[in-house]
Each structure stands twice: as C-alpha cells, then as structure tokens.
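The first chain written gets the first letter, and so on, giving A, B, C and D; residue counts start at 1 in each chain.
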C-alpha cells in the first residue's frame, strides 16, 4: 500500500522521494496493483504495489484513451480529493475550521502520484497533474482534459469495451458524483467532450478503490479468491 | 446583475440563451462590469453588465497573461463553486443530503459563462471551461492551465504589474483557498507552473466579487464614489 | 415504516396526525418494531410498526432506566439529527446553503415522535422532546437528562444488563459520536452523570437503525431468519 | 478574554482550573464583560473578564427568566458549538475527517463555563450544562429547559422588556439558526414552551459575541465610545 515499489524506474526515486531506492533489484518484480490493467500479472504476483489514490483515479480515466491512441495532445488532470486523502495525522492542513467551506490547489510544482500516472499511460503523453483539497471526508474526482483523436462516440465505445468485464470500474452516462462511489470499491467513469476537447471524469472513494479496497482486490486475485470477496456490502445512499 | 447585456455580439444569444436578444442596439452601449479591465469606461457608464461569477474568476485569472501575449496554447479553466452559485431555488441539485460529501462536474458541453470569458480575452485563445459543484456554501476557485510563452517569473511579473493598483484583486504567493476571500470583495490570484504549463488559480466569493459586491463596485465608479465604498468590513477568519 | 400503526391509542391520531385513524381495530395487533424491547412479540408479528428515527434513539437511551425505576424526575430529550431525517423532497429547509454551517431547534411545541417515546416508557415519566437540525447527512444523537434514583454505577449496570445480548445496541464507555454508527445498524449508548443528573446519550444512523435497517431487523425476526441477516457489512471509518 | 478573572470566588479556581488563583485580591475588581447585564459597571471598569462563549450564550438565554423569578425548577443547558470553539491547535478532536458528518457530547462531568453561568444567574437555580461538537466552523446554539412559573406569554414579555434597548441581543419569533448570527456580534433569543416546560434557545457566533466581538463591545463602553463601534459591517446571507 505504500509508495515503495510503485515506480519501475529506480532513477525516479531520488527526484520524487528524495532518496535512492534501497532495493532497486526488487522493482522489476513488483506488479502495479491495478486489476483493470494488470489482472493477469497479479495472479502470480508476490510483490504488489497498489497505486496512490490520485494515480488510480487518473489512470482509470485515461488508460482506455491512451491504449487506443485517441489522445492527440498533452493531458491535464485536475483532481479533487476529500480530506482523508491527507492522512490521519493532525495538523493545520486538516483542521476542520481551516478546511471547511474552502477549496484550494496544492503541490502544483509536482505531486508524487504524477510519475505513477505517466508510467501507466504507455503512449508517453505529457501529463500535468494538480490536486485540490475539497471539504469532504472521502472521495476523489479526476477531471481529465485532452484533444481528441476521433469522435466522442468512438471514445465512449473504447471505454465501454475496455471496462466491459470489470466488476468495479463502470462507464456511466452522467458525470459521476464522488458520493456515488463512497464506501464502495467502485470507480465510475464518464466520457464527454467540449468541442474537440475530451473531458473524462472518474470518481472513486480514496479510502476504498483508492487504497485498501484495491489492496484487497489485488490480494484476492493473487490468492485465487473471487476478485470481489469482502468488497461488496449493502449499497447506501446518501 | 443578470445576463441580459453580458455578450456584445447579439448573434450569441440564440446559442447560449435560446432566444434572440430583444434589444440588440443596446448591447453596444453596455460596459462589462469588471473594474480591473474597464474602470475608465465604467466612469461614464449607464448600462453596466456585471459578469457571471465563473467569468469573473476566470477572466481575472487569465487577463494579464492574455494581454501580455504569454498564452502559447489553448486554455483549460477547471472551476470549483460553492452551492450558493446554483441560486436559492430549492431542488434536488442543492439538497443538502445529495450535495454534501460529494463533488461533481456539470455543464461539460458548455456553460453560459464560457462566451463571456472568451469575449474578454482579446487574444482569441480557445478556452475549455468545466464547472464543478463543491460542498461548501460560498466560493469559487478557478484553476487555469495553458502553455507558457516566457518564464514563470515573467508571467508573475506581468500579473503583479497588471494588478498593482487594484484594491480588490491581489497577486498572492501561495495557492489561494477560497475561504481567504469569503465574505469579502477580494479576488486572490496565484501564478505557478508545472514544467512549461502555467497553472494560475484565482479565488473569490461568488456572492460578493462574483456578484453583488462587484455590482456595488461598478456602481461606485459610475457614481463617482470611492470604489471601495460599502465594500470593506471587519476581516474575519475562519 | 410509516407512522400508520406506531401509536396504540387511536385517540392520539387526531392530535398528532390531524385525522382519526381509519382502522383503529388494527392498532391492537400492531407490534412496535423495536427488537430490543419486543423481540418475542415480533416473532409472531404480521403487522409491525417500526418507530420513528428520533423515537428509536430516545427509547433505546431511556428504556433501561425506565424499566428499572431509576428515573426520579421528568425527562428532557434533546435530539440532534442529520438532514436526511427531513426526507428527500427539495425545499428551503434542506437547501445546502441554508442548512450548512448552522444548527437550529424545531418543532418545540411538539414533534410526532414524542407520543411514541412516552408510549414505550412504561413508567409514565413526563418527557420533553426537542429535535435539532445539524449540518450533516446522517446520524441522530439523543441527549437525555433526568434526575437519578440510585448511583451512576448502578445505572450503568442496569444498561449493561439490559443490552447484554443485543447484537446492535451497545453500551460504550465514551460519549458516542454519531459517525461511529453511520452506515450501520448500531445504536451506541453512553451513561454518564453531572452531579445527580443522569445524562444518557445514544447515537445511531437515522437511515439504518432509525429506519430501514431496523425494518429489516424486524423482518428477519418475523420470518425466522438470523436477526443480523443483510445488516452487517465491512466496517469503515471515517 | 482569558478565564483568569471570570469567577468572583477564588475558591472555585482549584476545582475548575486545578490551581489556586495567584491574585485573589484582583477578583473583586473584575467586571464580567457582559454588557447586557453589566453596562453601568463596565463604564468605569479597568479589569474586564469577558465570559466564555458557552457562558455568554447560556446567560443571555436565561438571565431575563432568572431575574424575573420565572424559573420553577432546575435548568438544563444543552449547547451545540462549531469546531472553532475548540481553538486553533491541531489535534484529532478537530481533524476534519473525524469531526465532519458527526455530532457528539463532551465534558459531561463538568465544563469550565458552568460556574460562570451559575454565578450570573442570581437566583441560585441548579444548572446542568452539556456541550456538543457540531460539524460547522462557527456558531453556538444553547437550548435551555426549565419549568415555567407563569405563562409563556409572560415569559416572552419579560425577555422583550429585558432586551428592549440592547443593540446586539434580540428576541426573535422563530427558533434561531446559528447562521443568522454568524460573522456578527448578534445574539438571537427565542422563547417557547412545550407544555409547562420553557424552552429558550439562543444563537450567537462563538468567535464574535462569544469572544472578541464582545471584548470590543466592552472596550467601547469602558472607553466611552459608541458601543457598536467597529462591530457592524455589511450583513451577508448565507
């Protein structure tokens, strides 16, 4: 669940984590714990690096477009996260009175989840990623912008096909509210466009699909259990 | 304060407001009520069209870059608004239990504030604008992305110069939280970059600088009063 | 789940529901759907009236004290509810911008859940009940005050015994936060005192133990299923 | 603004503040900084002890009833506070993710504002005071319960007379929402009854009338300024 093995390239660790990786030989053995992209490899995996919450949201929003070659420009990922994404340690940055009734951007000069996103999008598109803190406990919304090669309908079709057999990632017709995924292992993805600019939004619960839920999902696959074991409960709204 | 005279071009009304403008001759007389850009014209104005809340935030975030020719690509405006921006009429879209603990994008295919933004950015850059609803009462944050012509330091300098004598719009060193502008007529603007991508964020209170506060500001100018009359009260945090 | 059969005494309906009860003969057959008090009767029940959310919280906070004769005065129930308790219909009273960042009392002259509380507390204590609206989606906290006959330790013991074998209602050592019961069928009860005044707080999720969750619990009992069927999922915090 | 001189009786300090008062002789010179009760004494005061936020809300809700002898029983004060009442120091108790979407009682065995309340209510009624933490930044609502000597109409009249000439404390017809007093120095008081039980609710902003605003108000009086100096700004909703 930590960042220890999320980047395949040992050279990236000094830049993003301020120290060389102590076990670079293990990096090649680590499988990225994103079942939508790596289910087969996860079946035999013994070292699984579950991606960060932002990275999961962004990659699931972009992977079908990238793999089908429909991204015709650089990519903007504008992400909005609930406060639990900042961890449980007290601090002014998570003080209720400071955070409530407010939204702000942070880490504009580069957030550690950015290289994870770039690594998984094989097509090498330039990605700009800016996270924002939103006054809610759970949830991430990633709004992704890129110039579209092809039509919006073709893009939608690419996503529907890519996720057709996925138990947790679903293409939805309306822009998803994070609350629809709260307390579940779901990731909801909507594909839209404004002129020739594609706007893909993905919503998930940063503490479930963005963290331990996805961890359990990978564990299920690696152990040969049904992938949804222990991950489905009564659906509740609101 | 309404949208009646916000667009100079009568031909845009059928597209964005689903009807022809009933008084197109008056459109040429309307001054856009954005004092940072049009203070001189406002002095003699009798017909003032105060821009929408999103438009105000986006234009103040982009105007110095546009007017100094430092925008080298199309522009993305990813805006986050509090719920009061949706008005006071009850509805499921503003029901506490639906909106609380959630964030979502809306109007991806085109929001009415978009042509106002394009109109004020003289350089004709293509703009993509997507608003989001955030669980807070007041506040707008506009995160604007574009490729930078020149350095980030030059961009900052352009903004500092542009807003040097403005009483309400301030260039700030840290990405602004909307709460810092809440209950005030301030607009706070931060200039940053991620590589060669400029990331400019602006924060304001949609009910003050984004609405009636700016209206009073324009009224003050048109009537020859001090521009800050009735707009400054005790500062309060949080 | 409705209020149709919650009061045994037909004479109360005109007062609290502004009309005579159309089927008074059925009232005698209705079992109050509160398993902690009526499990045996629920086993044979075919007409079950699940109590209101406030009534459930107040009765579970007071029943052990009432049944052990430890209430030496009238009782105050000061209840705090999340906004989902007001239902899903839009209206100014549930508009995010009106409700957020605010708390207020309502229905001071008498809320319909009051006669349900009185009915279940066999000892005939006078009850004052005032509900409050709190800016959160889910949850009820009932703070109950009464002069104590006996010691606080004896009172605690009475509660521990009363709820010793209950799967969902638990006596806890610290004053419960509603969030600890959110998205679950739990009711958490704390017994404390300020001098000789007992202060009992109960917390539950108004949409689960205060509504459909308790409905399912009663259904399970009436159908001979395990009482917790479909009511237990992964525990999540926060 | 601190608690140093809020209690007249030096003997209370070891109990409530765990140490003897170091300057007991000064206690007799301190004037309680509650202008609604002590305006005359404040005119000559040089040592002013502004009461705690909860104490201000409770005393303003109870003083007219106490001074007119209309309290016929002990008194319950069930108070609800926003998170800023807990101060600005970070900690788990003010962590957004812990506090949001939740309400709980605390300090049931005795909060330090209790002896301040008792001290100001000259009639010696027994008071039970329990504070609650509510997920909002600002605001206190005090719901006060007592058996009524006389009618509700007489009680209302006593309050209207008591506060007739007060600039900041107002008797209102509906139960006040804390938001109506937010960012202002107002205290709004509503008088109602449930049968013979009086239910008085008071609402104020804990950071203004419950703290520095009231401090400025006292300062104005002591310095011979108009009492409302620097305390009135543009009214804003929501």
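Note that contacts are C-beta pairs under 8 Å (C-beta built on N, C-alpha and C of every residue); 3 or more make two chains touch, one makes a residue touch a chain.
This structure is a prediction, so every number in the text was calculated from the model and none was measured.
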Centroid comparison with subunit B (C-alpha atoms), farthest chain: C
Pair of chains joined by more contacts [C-beta pairs], A-C or C-D: C-D
Inter-centroid spacing, subunit D versus subunit C (mean Cα positions, whole Å): 30
Inter-chain centre distance, subunit B versus subunit C - centres from mean C-alpha coordinates, in Å: 48
Distance from the mean Cα position of subunit C to that of subunit A, given in whole angstrom: 41
Where subunit B touches two or more other chains, by residue: 82, 84, 97, 100-101, 135-138, 238
List of subunit C residues in touch with subunit A within their complex: 84, 100-101, 137-138, 183, 207-208, 230-231, 233-234, 236, 238
Subunit C-facing residues of subunit D, complex: 74, 76, 78, 80, 82, 97-98, 100-106, 108-110, 126, 128-130, 132, 134-139, 141, 143, 145, 175-180, 182, 192-195, 197, 199, 201, 203, 238
Of all residues in subunit B, those that touch subunit C in their complex: 82-84, 88, 90-92, 94-97, 99-101, 135-137
